[in-house]
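Listed next: structures, encoded as C-alpha cells.
Paired with chain B in one complex and with chain C in the other, chain A is shared by the two complexes that follow.
Up next, the complex of A and B:
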C-alpha cells in the first residue's frame, strides 16, 4: 500500500526524510569502499589518451597491468592509436613466412639494416615521402601477444628517421614479427 | 708509426675517440657512446659533416658513412669537427689508437672545419682546458707527449693561467687550416677537394619581404598544427582547454601541446656550387645580365624569377585600414559551473522530497580558464551556464554529456542534455546533468557550446547529431572532422571537460 507524500503529516515527513537520508548515506559508504578497491586497477581514458599521444610518457606499471587484464582497454588503445597515428603499418600478409626486414606503406617505409660496423646492432630506418604532412615523433608496436612497445623517435633528417638499437632488442624482434602492427605518430 | 689517441675537448671534460669504422652506405653516420647503441644528438650533424655534398670526410677519404664511438657524451655545437676530422685522418692512415690500444702520442683538439678545410674559432676554450687538467696530468705521468690543436684565434687568446695547466710534455699548435694538422701528425695529405667555382654574390632580397614570408610560413604551419591537434589535446588536458579555446592561452604551460618543433639543426658548411660544364655554362655573362635561377645561391631548385625591372617601383600609398568588425569567438561565451549539493550532510534524495532546496555554488570558468574538478561528495547535480558576452544577439547550441560509456542503469543513468536558444547580449542559458547516486569512480562531463551570430544562425541540428554519435560510439577520432566543419562554418566553439572526483 502506498500513500501520497502530500498526505503525510509534517512529523511523518521528517521521519521518512531521516530514514531515506540514512539509507542513502549507507549506500554511499559501501560504494566508497568498493570504489577504493577498484580504483588502483582502473585506468581512465585520459591516462590511455596521454600514453597514446604524448611521446615522452612511458607505459606505467598500472597501465601495463590494466592492459594485460582488460581486452576492452586494449581494444580502446588500438582504436586510439589507429585514430591518432600518422601512419599505420598493418600486420604483414601471412604469406610472408619468417621475419620481415621492411614494411612499405603509402608515403612511409620502414626497414631494418644490420650495422656493418657493430655486430649485434641494427638500424631502424623510417623514410617518409617528401610531401609528408608532419614528421612522426613516436613509434608504437603491438605484437600478437598484445604487448605494446613505445619508442620516441629522433628528428627526421631529409625525410629519414634513423634509430640505432640492439639487434636482439624487443623493438627489432617486434618489427620482424609478421604479426606485429606498427603505428607511427 | 705508432698509434695516436684523439681527445675531443668539451666543457664537461675530454671525450676519447675510441673507434672510427666504415658503416653501411645505406644508413646515416652516427656517433655512439662507448660502443653502445646510444646515438648521440650530434649524429645528424656528424652525418652532414661526413656525407657529400655538405660534408668533407667523404670528399677526402672516399667513404660516405661512418660510425664513431666516443667515451663521453658530446653535446651540441660544432667544436667536435676538428677532433673528428683528425680521427678520420688518422683512421685513414691506420694510426688511430682505439679503445684499450696502446698510444704513444695524444692529441687534444677543438675547432670547426669548413668546406674549404679552414679551421674556425670556438667558445669556452679556457673551460675545456680546465676540465682536462686531470687528463693532462695522467699523460704527463705516463710520459705520453701531448699536442693541443686549437684554432689560431683561440690560441692567441690564451693566457698564462690557461697554459700553466699543461705539463712540459705538451705543446699548443694553432691552426688556420687543417694542412698544419697533417704536417704535425706526419699524415699523408689527401688531395684537396677540387677547386670550386666561386659562388656568385647572393642576391640581396628585401629583408622585410623575407620576414613576412617566413612569418607567413610559420603561421601557416602553426595553424595547421593547431587545427589538427587542439581537439585531441583538449580531450586530454581539459583544465587548459577552456583557456585555449577561449583564446586566452598565450602562455603555454606544462602538459600543453608542444609547439611546432624546428628540425634538428645540422651543420651547414658552405655548399659548393656544382661544377659547371661547358654545356651548362651560361651563354651570356654580360655584367648587366640578371642571373639565372640556377646562379642564385647555387640552388638549382630555386626557380623563382628574378625581378625584371632594374628600377624599384614606388611604394603604393597605403589605403586606410577599414574599421575592424567585431567577430564572435569562443571567448564571448562565458561558462559558469553551478554545483548543486544536498544541504548539510544529507543525501541528494532529501532534496527530491522537495522540503529542502539544494545549495548552489557558482564556479565561474573565467580568468585564465582553470576548470577545477568538483568533488562528488554531496554533489547532486551540475548545471552548466553559458552567458552571451558578445555585443550582439547570438544563437547558442549547448550540450553537456557524460564522457565515455553510459553509466548507471534505469533512472540512475546520466544522459546527455542539450538545448538550442537565441541569447541577447548578457543573457544566459544553462543545462543540467543530474549525477548518478552511486558513483564508484571519477567521471567527467563534456560541455560544448557552439554559437553563431544571430543573423548567421543556421540549422545546428547536425552538430547535435554528430556529437551524440561521437559520445555514444566513443569515437573520439571524429572530433577532428566535426571541429573542421564547425570552423568551416565560421562558428564560435567552446569545449571543456569537467571532472568529478569521488
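Up next, the complex of A and C:
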C-alpha cells in the first residue's frame, strides 16, 4: 500500500516515528562496530557470581579494576556476598577507633591470636557452634577503602578453623579494622 | 535542523553507548567457552529493548525466578541463572528436573513436557523451557543495567513466604518501572527522532510534500549522502558513511510501509495502553519490528541448534549475504544502493580504518583513488557464486537426508529439480495414471518411506532421481567443513541439523537467486553495470575527497 506522507494523520505519523525509533534502536544495539568498541570493557555479573561463590577463584585484575571504578558493582558484590554468605560480620560498632581482636556472631566467632611458636605470625581462628549446618570454605573481607580480600579456609577441626598468617598481613590488618565487613561462606 | 546543546549531545551519546555496552555484555556472555545465549535469543532481547516491549516478559521472568529459587534449594535463584551452563531449552529442562528430583522443588510446581506449571493460591502460571533462555538473557540485561543489589531487593521481597500470583505481578510491575526509567534515560530516542525528521524534510524538499514510499529510491539515497555527509553533526546525527545512509533510508522505507496500515495497531488491545491519550501499544510496535526483521531470520536460523552444528556458510559467505537479507524486500527496489554499499561502502570502511591507523596523505590518496575493493561486475559474480554454493550445500544436505531416510529429502528432490522425471515412481508404486504421467502423489507416509528405501536405485526410481542422488553424494564429499564428512553421516544430531538447515537454505537460495536475476536485468542510469561502476567511482571518490581530504 503506497500512501503519500502528507496524507498520514498525526497519529499515523506518531506511530511512524515510534517504528523508526524502534528500528534505529535495534540497529544501534546490534551494531557490530559499536560492539567492537565497547567489547570487554565491563565485567559481567557471571564473573562477580563466580568470584563470590567459587572458593578456588581469586580476584582477577579486570574484576579488581572494575570494582575500583564502579560503585554499583561494589554494591552488587556486597549484596551478593551477603546473600551467599553463611555468616556476615558487619562493621564493628566500636566505642573507640582502635583495632578489634575478635568478632562475635550468632553461631560464629572470629578472633586473632598471636602465634607463640612463630614470632611475627598470628592465627585467625573461626569457631562454629556445634549445630552449624555447614563448615565455611572461604573468608571475604571488605575494608573501608572498598578493597576486597578472599581467603580459602582449611577444613574445620572439631568446629574450629585456624589460619596461620603474618601478623602484618593484609588479612590481619583488615580484620582488626572496625570498618571492615567480614563474610564467611 | 533542531537545536541541541553540545552538552546534551555528549550526555545522549554517553547514555546510549552505556546501553549498547550493557547489551553487548549479554551477547558476549560465555559459559565453558561457548556463548551463553544464542544469537536468536540476543536478537529477540534487542527487539524487546528497542521496542520497550518488556512488561509481559518481566512478569514471566518473575515467575521463573520463583521456580529457580525452588530449584536452587537453599542456594537461591542465582544458581539457576548463573551456574547452569549455556541457556538452551534442553539444558534448562535438565536443570529443572534435577532440582525437582533432588526434592528441592516447591509444592504446587509441576514439570510438564513444555515447561513448569506453577499453581498459586490465587491462580496458575506456566513458563516454557523454550522461553527460558530469553528470560535468562533479560535477567542478565537487568542485572547489568539496574544492578543486582536493586533487583535482588525487589525479588527477595517477592519471594517472601506467601508468594502468590498477585504478589508476583506487583513485583513485576515494580521491575518494569525500573526498566522504564532506565530505558527512558538510555535509549537514543531524541536522536532517532531528529534523524527521522531530517530524512522526511529531505524527501519533502526533493520530492514534494506528497512523496510516498516509492520515492525512496537509489537516487534519493545517493543525493542525500552527497548533500548531508559533509555537514558537521550539529544535532548528534552523523551521515558520513554511505552504508549508514542506505540503512537509514531502508528503515524509513520499512517504517512508512508498515505504518501505512494502522489497522493492526488500532485493533490490538493491550491492557494499560491509553489510546485516547495518544499512547502507542509497545506490543503492536514489536509486532511490526518482528515482521520487518523476518528477512534476517534465515541467517540467524543457521546459527541456532541443531543447524549450527554444520558450517553451511563460512564467515565470509555469511558476511556477503548479511546486507542482502537485512535489506529484505527493499533490496529489490534499491538494488543499486545495495551494490554501492557492498562496493563503495566497503571502500569507505577501508578509508576510515586507515584514518584510525593514522595513514599518511599518500596512503589516503591511493585509497580514495581506488575506493572500490571490487567492481559491480565482480560483486555480481560474487552473488552468482553464492547461488552455486547454496545449491551445493543443498545437494550435500540431500545426501545426508536421503541416506538417513528422512522425508525432508523428498521435499529437497522436488525443490532442487522440479522438472525431474518422476514417472518411474508410478510404476514402482503401481499408482494409477491420471493423465499426466509426471504427476505422482507421494504424500502417504508409507509411500514416502518406500521411496526413500530405493532412492538410490536407478532401476526403481529412474535415472533422473538416481543421478541427482549421485550428484548429492559427490557434493557432500566435495565439502570439507564442520559437519561434513563420512564419519558424520550417521550422527543423529548432525542429521537433524541438515533437516532443519535444508529448509532454511532453500529459502535463502530462492532469495539470492531472485536477487541475482534482478541484477542481470536491472534498469540502471548508466545502462550496464560496467558503465555504472565507472560513473559511480567518480562520484564516490570525489565525495571521499570532500570528506577525508587529499586530492582526487
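As a working rule, the second predicted complex is superposed on the first by the 153 of 185 C-alpha atoms of A that agree within 3 Å, B and C clash if a C-alpha of one lies under 4 Å from a C-alpha of the other, contacts with A are read in each partner's own complex, and residues count from 1 in each chain.
As a convention for this text, a residue touches a chain if its C-beta (ideal position, glycine included) is under 8 Å from a C-beta of that chain, and two chains touch if they have at least 3 such contacts.
Note that this is a predicted model, so its numbers are computed, not measured.
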Worksheet item: Does chain B (first) or chain C (second) touch A:164, or do both, or does neither?
Response: first
Practice prompt. Kindly classify A:78 by the partners it touches after superposition: chain B alone (first), chain C alone (second), both, or neither?
Written response: second
Practice prompt. Kindly classify A:42 by the partners it touches after superposition: chain B alone (first), chain C alone (second), both, or neither?
Written response: both
Item to complete: For A:11, select first, second, both or neither according to whether it touches chain B, chain C, the two together, or no partner.
Response: second
Item to complete: Take the contacts of chain A with chain B and those with chain C, and give the residues found in both.
Response: 5, 16-17, 20-21, 24-25, 27-28, 31, 34-35, 38-39, 42, 44-46, 49-50, 53, 76, 79-80, 83-84
Discussion item. Quick check on the complex: what are the chain B residues that touch chain A?
Written reply: 21-24, 26-28, 30, 32, 35, 37-39, 44, 47-48, 66-67, 224-225, 232-233, 235-236, 238, 261, 263-264, 266, 345-350, 353, 355, 403-404, 437-442, 474-477, 502
Response to the item:
chain A residues touching chain B in their complex are 5, 13, 16-17, 20-21, 24-25, 27-28, 31-32, 34-35, 38-39, 42, 44-46, 49-50, 53-54, 76, 79-80, 82-84, 113-118, 121, 123, 125, 133-135, 154-157, 160, 162-166, 169
Discussion item. Residue numbers of chain C touching chain A in their complex, please.
Written reply: 16-17, 19-25, 27-29, 31, 36, 42-43, 46-47, 49-52, 75-76, 78, 82-83, 140, 143-144, 147-149, 152-153, 187-189, 192-193, 195-196, 200, 203-204, 209-214, 247-248, 251-252, 254-262, 265, 278, 280, 285-286, 288-289, 292-293
Response to the item:
Per the touch rule above, chain A residues touching chain C in the complex are 1-8, 11-12, 14-31, 34-35, 37-42, 44-46, 48-50, 53, 72, 75-76, 78-80, 83-84
